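First the structure, then my questions, so here it is.
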Amino acid sequence: MGSKKMRIGILSAGGDCPGINAAIRGVGKTAIVQYDMEVQGIVNGFSGLVETETIELTENLLSGILTLGGTILGTSRLKPFKASVGDEPLDKPGTIKKNYEELGLDALVCIGGNGTQETASLLAKEGLNVVGVPKTIDNDIWGTDVTFGFDTAYHIATEAIDRLHTTANSHKRVMVIEVMGHHAGWIALYSGMSGGGDVILVPEIDYSMESVAECLMERSRVKKPYSIVVVAEGLPKDSKKSAGAYIAKEIRKLTGLETRETILGYTQRGGSPTATDRILATQFGAYAAELIHQRKFGTMVAMRNGAVTSIPLDEVGGKIRLIKPDNKLVEIGRHMGVCFGD
Amino acid sequence: MGSKKMRIGILSAGGDCPGINAAIRGVGKTAIVQYDMEVQGIVNGFSGLVETETIELTENLLSGILTLGGTILGTSRLKPFKASVGDEPLDKPGTIKKNYEELGLDALVCIGGNGTQETASLLAKEGLNVVGVPKTIDNDIWGTDVTFGFDTAYHIATEAIDRLHTTANSHKRVMVIEVMGHHAGWIALYSGMSGGGDVILVPEIDYSMESVAECLMERSRVKKPYSIVVVAEGLPKDSKKSAGAYIAKEIRKLTGLETRETILGYTQRGGSPTATDRILATQFGAYAAELIHQRKFGTMVAMRNGAVTSIPLDEVGGKIRLIKPDNKLVEIGRHMGVCFGD
Amino acid sequence: MGSKKMRIGILSAGGDCPGINAAIRGVGKTAIVQYDMEVQGIVNGFSGLVETETIELTENLLSGILTLGGTILGTSRLKPFKASVGDEPLDKPGTIKKNYEELGLDALVCIGGNGTQETASLLAKEGLNVVGVPKTIDNDIWGTDVTFGFDTAYHIATEAIDRLHTTANSHKRVMVIEVMGHHAGWIALYSGMSGGGDVILVPEIDYSMESVAECLMERSRVKKPYSIVVVAEGLPKDSKKSAGAYIAKEIRKLTGLETRETILGYTQRGGSPTATDRILATQFGAYAAELIHQRKFGTMVAMRNGAVTSIPLDEVGGKIRLIKPDNKLVEIGRHMGVCFGD
Amino acid sequence: MGSKKMRIGILSAGGDCPGINAAIRGVGKTAIVQYDMEVQGIVNGFSGLVETETIELTENLLSGILTLGGTILGTSRLKPFKASVGDEPLDKPGTIKKNYEELGLDALVCIGGNGTQETASLLAKEGLNVVGVPKTIDNDIWGTDVTFGFDTAYHIATEAIDRLHTTANSHKRVMVIEVMGHHAGWIALYSGMSGGGDVILVPEIDYSMESVAECLMERSRVKKPYSIVVVAEGLPKDSKKSAGAYIAKEIRKLTGLETRETILGYTQRGGSPTATDRILATQFGAYAAELIHQRKFGTMVAMRNGAVTSIPLDEVGGKIRLIKPDNKLVEIGRHMGVCFGD
């Protein structure tokens, strides 16, 4: 490289999530201030690499984005290794490789969830210098103890549960709240425990409606005036209804208790990140720049046992981080009388 | 009355709403501190008068409830003048009158919505000394310019809309949000205007999906990257779907734009009231105590042109306060480019 | 004017305040969408007119600023009619008039507090087509019942008071909180009443420390575990200390009760405006555009008895809107046992 | 113990902090539901053991306290091993030991900061079965990576910094904000990094005013319109002024830049805990009950490398956990251009 400045690209792909801009800022400021690199923002995820849509990220452009939700670079769900027209695969990876070179990039930071990290891993195998930064509100990326976006999401869910308590109490009702989490129940578990949920249902723990109904009837028998049921959207069920609507209907049927449901939806993934997520995203972003400086490519930034570190990208792909059977917070919940439906 | 202290009852009926406790405190503290009255809290709305379930409200009990959501007295939806077994009406009003006398009450404060004020009016005709205090998040009680609960509800809705902006922008989507409002669109109008909604649909303004679709396509044509559509739950529609889900589906069908819906639900009516609602509820409660002191019974507390006043209860019943065709905020919205679907 | 578009300027002057951007957006969008005007933003208050620093405000530039605190135009405290070098007055008004004409402006919207409206009035007398829009967190502009910024400020103060309650209660302390308000005690009165303050001290009501101490000792005697004292910064006192520090010190001296003070400071005037302030600022801005369209110059937008209207600018200058002796909220407070120190 | 139920006491001592009630609930519910113990709440810290003031904590009493700030048990700063009259030490520890036995306690949970854990350690040496639970917003207890209260405190500080940005930007000012932290700068470091602070001053890093002034002048030279300076209250200085006021004055003197200060104060330690603090306090409380069940006395609950564990109480006393010179977040800050004044 000689006297030439290193030149890196950053993109965000997949669903949006609070903290992406903080991570972009973390990568960019560290790259510019500490390592004297040039930084290109790539617009709309991998699409921006296919169509060569980029924007120079100067220090000034990176100022003031720490607190913004969403992503200033835009995002898309394009999966270059799966793109095809009919049965004919399109050579998107080839185009990306060519454009990566034409843009003069020395490295590429990919901020995204499970799908994005899988693509990042495949691009690394194609010879690109890739560093992955994990993000998802679902907190289910394999290899890292936590992802940014999760703290914001579960705090929003907790705030909603706080509000439901007063209505539930005034009307002596069962309130069911469905929170996000397709495969993993982390948001339900954490918001349920921090919001004082009485029943918490997550995909990782088999539940029966009889067991849920029995918990609620027992609470009714000992004169608890109301109950809060927190449900992950990905809960398995024999119904096309949303998880929240299904569980509420079954509770009404089995217990006769007055029951209402709330589906929290997209409000969980938008808006300004919590301070915790800003710190975490900043740490992840800064470490990605450091990994590039050390030429440790083909890696993903991760949090392990309280320290920021990295793991090989090819270990991440195709896996998912679920709540384990011996999860300590679940055990604490059980010991305090929370019902998990099993 | 001679040397005997005046003795008043307070109840809350109908749906819960932020600020009820502030109103109870306003009535109670003013009655005790200023007018040296005794105050009985009546439990679970009119049921508590049928079953004589009451609690003495001392100054100590009234301390610390200003900020609490829900109602410390509980509520119920019992409508004593409509109670019946089969075709046989039950004499609930008779029971209430008897118990009112046996409890030694000199006056009764009824905190509630349209239904509650109608019952209050009928009880006044039965000879009870009744003062009504209007409350509803829907802000649709006839005779008062505003009700407490509304400010909290539309601020929560605005906060949700704020969060949706970042997701909408990151993904270039149309985001539809359904907020509360069965008959009246006040929450949709106010949260839509304060949240920067691009389309606002309320029951009072006839809309066509063609018009809505045209607004959204025009925004798309001038490269606005996303749109926010705010919808009142009570919107008329040819569908069993919720208003939000229906409008989102039709938008997808007519425009082909990527569209997602959020149904905000019960989070709008719970939790701690805003400072504005605390002040309003306190003013309403304090004025109810003053009306009793002045023996102005058969009245409902109301806000008119910025001042707290009262109106006869029998003018309120059976009416509802809707957004009028010449509403000034709707006109302002139109002048700024907001689409109301007509 | 014939076929030529009308061309208007907007500036913000004086202290910043939540809602200024919402007002700028209200003026601008209404002017562009409804009245087909051209809109110039003038940078840094009246300085921008002296130095001809402006920015074209397009509809795109006005999008997304509704929720932002501060002012995108910047502000300054330059008072053109008071500018001088030594004893020699500088002809800033002359420069402003010349630049107003060179910029081709047909009207000028001045968003600001008491000082700004006074300048606006003087410029109107110089022949400029001026419309004033009142803003201040202190809520003390004469001629309007309310100004935007106030709602946000007193909600922030209320939230702070909410937090102090738990500390006060755990430690059985007197907590003194000083909130903003140089001449008028509106923030103290409203946050005190919505935050459940036990003592509220405002500049408009003469207080004695003996009376304050007696209130607090009486609360202590009847076993109230703690007390909250809300103090306006502009409270008269024989001390160079801040009002909060002074009152806390005197309370300690006179009562011996454990007392702590908090000076809330600048956090009250920053950040995103409440939904209420966004609506109010939007209404004020939109009405300013309407006044220009109707050529009602030399006026200030105002809220009177619940309706947006206008008053002559020359009635506003040099006056201030204080809490009156017969203020209804003060009376309600007294009736509920709040001590105002008199 | 045979068939007799185990009987435990819980007290909270020292300064209040968000999450204490969540910890009390965690201990109490786990003890009752899982281990079938009896639970006594001891009122006002160690004073309650000296004066035998207790309250039976039933499951019902523990419901609904998860979200409350402060402590339902009250607190005091009595240090029984330091109590004396004149030079004569009072035998408070003897009284405590006697009352512990008379109350029939089998174990005692002490929730508190550094001072409380030291007392707990001394009581353990006197033969009491003690388990410590660390709490402090300052996050400076030796032996645990984090304490509850800290997350809430630094999120409140971050929110305040967010608000200051808009005012700073509108007026082109330097804004100095003083946050809590007597010995350790954790709140300043975390809120500074999550709030986008430009200068962060903590007691652990030697600063010079020249260096601070140089950072700010450099920002001014490259046309950054404003700066945010975050200062820990415990910063060493040659002045009786508060740290924030001192730093602001020096900045004005050395740079001539318009500078304002805000002292955040007690609002940082009150109010409802964040979801993160509720979870952490629940985990700590539940683990304390488990330690008692396992008869692991003389220990303090701690978080180490992401897992809840315990350490011997006598290792904790007299030490304090400071920011180390090689702190990773400080390094990240430096790499991104944050000035730490050295």
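A, B, C and D label the chains in the order they appear, each numbered from 1.
As a working rule, a contact is a pair of C-beta atoms (placed from the backbone, for glycine too) under 8 Å apart; a residue touches a chain by one contact, two chains touch by 3 or more.
Computed from a predicted model, the values in this text were never measured in an experiment.
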- Can we say the copies subunit A and subunit B touch using the same residue numbers, with more than half in common, or are the two sides different? same
- Among the chains, which is located farthest from subunit D on the basis of C-alpha centroids? B
- Message: On a C-alpha centroid basis, what's the spacing between subunit A and subunit D, in Å?
- Response: 30
- Query: Where the centres are mean C-alpha positions, what is the separation of subunit A from subunit B, in Å?
  - Reply: 36
- Message: For subunit B versus subunit D, what separation do you get between their C-alpha means, in angstrom?
- Response: 41
- So which bits of subunit D are touching at least two other chains? 162, 165
- Message: What's the contact topology between the chains, one of line, ring, star, complete, other?
- Response: ring
- Message: On the basis of the stated criterion, which chains touch which? Give every pair.
- Response: A-B, A-D, B-C, C-D
- Message: Applying the document's contact rule, which stretches of subunit A touch subunit D when the two form their complex?
- Response: 25-26, 29-30, 33-34, 59, 63-64, 66-67, 145, 151, 154-155, 158, 162, 165, 190-191, 193-196, 224, 272, 274-276, 278-279, 282-283, 286, 289-290, 305-308, 328-329, 332, 334-337
- Give every residue of subunit A touching subunit B within the complex, in rising order. 15-16, 18, 68-71, 74-75, 156, 160, 162-167, 169-172, 175, 260-267, 269-271
